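In structure tokens below, several structures.
After this come two complexes, each holding subunit A, first together with subunit B and then together with subunit C.
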Partner chain A sequence: MRLSRAAFLLLLPVLGMILSLGTGVFALIEQSFVGADGLSLKAFQAFVSRREAMSVFLYTHQMALLVSAICVVVSFPLAVFLVRKQNQAYVLLIMMPLLVSIVVRTYGWMVILGPRGLINAALMGAGITTAPIRLMFNTTGVVIGLVHIYIPFATLSILTVYSKIDRSLVDGAAALGAGPWRVFSRIILPLAMPGVIAAASIVYLLTIGAVVTPLLLGSIQQMMLGSMIYDQMLVTFDFPSAGSAAIILTLSAALAILPLQLADRWVTRKLPAERS
Partner chain B sequence: MPEVVVHAKAVEKKYRDVAAVRGVDLEVFRGEFLTLLGPSGCGKTTLLRMIVGFEQPTTGRIVIDGRDVTEVPTYRRPIGMVLQNLALFPHMNVQENITFGLLTRGERKSAALQKATQMLSLVGLAGFGHRLIHELSGGQKQRVALARSIVLEPSVLLLDEPLGALDLKLRQQMQGELKRIQRQVGITFIFVTHDQEEALTMSDRIVVMNAGRIEQIGAPQEIYDHPETMFVASFVGDTNVFAGRAIATAGARVSVELPALGQTVEVQGRGITPGMAVNVMIRPEFVALDDQPGAPCSGQVTDRTFVGADIRYSVTVGNQNLEARRPHRPEDRMLAPSATSGVTIDWANGIAFPSAA
Partner chain C sequence: MRTRSLVLSLFGYAALVFILAPIVIVVIASFSPARYMEFPPPSLSLRWYREVLGSSDWLGAFGSSIVLAFCVATATTAACFLAALVTTRRRFVGKSLLEMLVQAPLLLPNAALAMALLALLVQIKGRGTLGGLWIAHCILVMPFVYRPLVNGLRQFDLGLEEAAMTLGSPPLRTFRLITLPAIKPSLITAFAFSFIISFDEVTASVFLVGVNYTTLPVKILSDIQSDATPAIAAVSTLLMLLTMTFVTIVSRMVGIGRVIGSRSGH
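Moving on to the complex of A and B:
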């Protein structure tokens, strides 16, 4: 494609955006590599040698794994349901929560999950429990909050792929003697896999970068990377530590997504290359 | 008495208030090549989908191999189907598509692979096992779809216009292939088409359907030579139709007065009473054009089409348009358009049907 010279002028705003965003990122990178005594990896060494930092790091990835697994398992049937219904109104219903800010929705969960919240009030009112169950300020709270926020993303990515699966393949497989379970495991699931992988990747990345939900629904003893960085920047003003943590977060995220990308290549290896 | 493989008993299918199939009774015999023939929307696919189990009949029963399978799900029926769009699994290669059914059934992988190899050579695709589906041509896909169904040796194989998407040349080639494969494996085929020529060339028996009903069942020649309804007569093969009135009947013969020609002729006809309004059909090959004097009437050639083996003429006799066909021989003189010619009609091969209105 050839662009006229005037068309390049349209790229100027993009350039401006890259510059302004890039400067911030560059500053962060610089601060984490350049200490008082010149270029060094001290900030990274500090991160790796600090036990709490490493535990936050591992906990964050465990959470990402757990949340993306739950999201995929919940979103798959949801996507199937939406495609079967053939009704845009239902899809809208799934998307609706995206219109409300994450902070507001997380506070909503506090009302539901709190010691005197909806669930505990109901449980105690019904006499099932005598003391409130801890649903908040721990891992459970964060998982519930994050799953809720990320389900629309996961559902949408699975839905896009699932809805393109040719329905007649199901008939064809049935005529070859395949029952519902085999049709699902050998036809539907493999063909929907790119959507599942996309959903898992998105949710994994979003969870690793989560700040608000872990801050509001998580415990103070067990932070996640996002909220730790937030703390270092805005509470202790420790920019080099925040910077190195951010870089570690980004690199580890890329590393975690890599197997998923390879899996995607593998599951689509026999399909025609998509023409774009 | 041939053995019945599929028996559809008084099968009806209604989609809300639309009756797609009405009161169909059909027996399919073991090893035969049966074709469902009919115009678009006459219910062929619907009937097939009920036999295979994708669709439940509104009323009636489906019996396969003597077992009532009306409530049995597709995957437990001893039946195979080649869908119109083939429905090959795009994430599997040719070999995996063919072994899918065998492995589903619990056969061992080595045995399945061996059968797949045999099947591939049967359908003329030896060595194509590792090809991906999107690397195949239309005709090759057709063969894979056929192979993966046949390898399961179903009691009956349903094919819904499997050749519809192919171009003419390939289509004719696949017709021959299909027939050869069917003879070789001996599996009962129920084949759907709306192409009457395809039906005539391939079938042992043809079921002509119209508006959800069966009009006639019979061997191709029977259907062509002795159509039982006006619909069959005009749908299968070309026909000329004359409106007339029955004057007298004698057994299976009827005397009919044809106002368009100003003649009274004797044709075949059943269930006709004198005085009845009838339509008489006569095939173009029984209309002879010759310039010898003494022909019962004369007409004017309006059009001529040379189709190789045959020459087709359009002739106007009185105010009636007629199609005539005669075999072409190089030494014959062709009639020029607008030429006048004698017209002799072999009325013994005409058939009278009560006219609908």
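Moving on to the complex of A and C:
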């Protein structure tokens, strides 16, 4: 059906925003693909041939894998806990940090993990160590910071699916003699799988695009793609390199999320049709 | 069975402590009198609050952020509301494509989205200006605003509109007296959350601000990188206090359930 002119006018502001984003994406692609001598893949060849850039690329994806795995492993029991508690206040407490800027939350971790921070003060006070141990400006710091920021998202994804699982299936399996582990692995986990996959996809995507947390809690020797783009853009003013890194980041994100989306289709097909 | 649920509860409370720890720590650290950040603070004082509230740099950045967030929330809520009016009532070619493109900012990794917005602002010469950041933030916030508004409009019974019109009410009057009041909670929620997202945004903004124009979260970020005094903790605490007050007011107005629900579309 065609739209009336009035309806089209109502859509215009949102269309304008979409077109603006499109313009930005296009300009980014243009700057990375088009050099002085016409269309070229030089910027990408440069990225792939630079040892540091490739190591940043691999490190970023390793971090995304690690952070998504930790988030799922922590968020699943947390979601079960929240469903058992039957109390909105707990859910609110988990969601509350979403209202606090990530730069503030990351700063909070600097106060906890820093050389004169809470953990080191406690360890030295108790006489366990004499010199502060290094908890940030390394991979540990970034993982803690990112896991902390993304747990609410992961928990919410799993919670939505888990809370809809039909309890009678669980009780039925138990009544028929299935042990707790068997109930979990054959009933609960498969039914909650769409939530787990959604959580993993969201956290993966958020981690590889992260800028602030790797910048503040990570080491300068081992950057992530986000902090490398920040560095190229705002410290060394190398727009073309930052641009091609951003495009490689987006393409590799799509490639990494694809298997999860396929798995989601497969899982959803295997699940029994929803009974109402 | 007992031990298992005990283990689960312990885990749940531990996770809660983990999630709230950095926020609580920042609040405590903000009362430190020390020149450099250390935890626990040696004693308690309001030194850094006085410093922050007397600093034109901090107040200026705060003002910029408030103005920006207000413009972003107003424009995005209005734009997405108009679009949602069409997409919830009309079927047309390209509708699903449009709805997918509205979600596009969520599908791009943040660093890449920031670069695309930067490329846009360079083209339109808007880098480091209120206008430029306004456009960029509207794009960033759009997916979060559109979804709750569509959900709100879907729940609205079109029969009420039809009834009013059958009874002789002209379209604009119907809209003002029937549609708008019914959809008001969704509009308030959309406004409030686009305000907060824009006000807290730092990942993209740090690429987009300029020498003469900066926002509060970006100033916090650059201060952490340069001198990292407890002033940052004081600013952060004030920021959280403000957000919490704002959310409390909004949730009193529309009900807390709606407030959580709208943020879950992330």
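Assume the second predicted complex is superposed on the first by the 266 of 276 C-alpha atoms of A that agree within 3 Å, B and C clash if a C-alpha of one lies under 4 Å from a C-alpha of the other, contacts with A are read in each partner's own complex, and residues count from 1 in each chain.
Everything that follows uses one rule, which is that a contact is a pair of C-beta atoms (placed from the backbone, for glycine too) under 8 Å apart; a residue touches a chain by one contact, two chains touch by 3 or more.
The structure presented is a predicted model; accordingly, all values stated were derived computationally and were not measured.
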* Could you look at A:Arg182 and tell me whether it touches subunit B, subunit C, both or neither (first, second, both, neither)? => first
* With the two complexes superposed on chain A, say which partner A:Gly127 touches: subunit B (first), subunit C (second), both, or neither. => neither
* Asked: Just subunit B (first), just subunit C (second), both, or neither: which does A:Gly172 touch?
  -> first
* Structure fact -> Chosen between subunit B and subunit C, the partner touching more subunit A residues is C
* A:Ala242 contacts which: subunit B (first), subunit C (second), both, neither? -> second
* Sites on subunit C touched by subunit A in the complex -> 4-5, 8-9, 11-12, 15-16, 18-23, 25-26, 29, 36-40, 75, 78-80, 82-83, 85-86, 90-93, 98, 101-102, 104-105, 107-123, 135, 138-139, 142, 146, 196, 199-203, 206-207, 217, 220-221, 224-225, 228, 232-233, 236, 239-240, 243-244, 247, 256-257, 260, 263-264, 266
* subunit A touches which residues of subunit B in the complex? -> 52-54, 73-76, 79-81, 83, 85-93, 100-101, 104-105, 132-134, 148-149, 152, 158
* Sort out for me which residues of subunit A touch subunit B in the complex. => 166, 168-169, 171-179, 182, 186-187, 190-191, 267-268, 270-272
* In the complex with subunit C, residue positions of subunit A that touch it -> 1-3, 7, 10-11, 13-18, 20-21, 23-25, 27-28, 31, 74, 77-78, 80-82, 84-85, 88, 90-112, 114, 116-118, 121, 148, 151-153, 156, 160, 180, 202, 205-206, 208-212, 215-216, 225-226, 229-230, 233-234, 242-243, 246-247, 249-250, 253
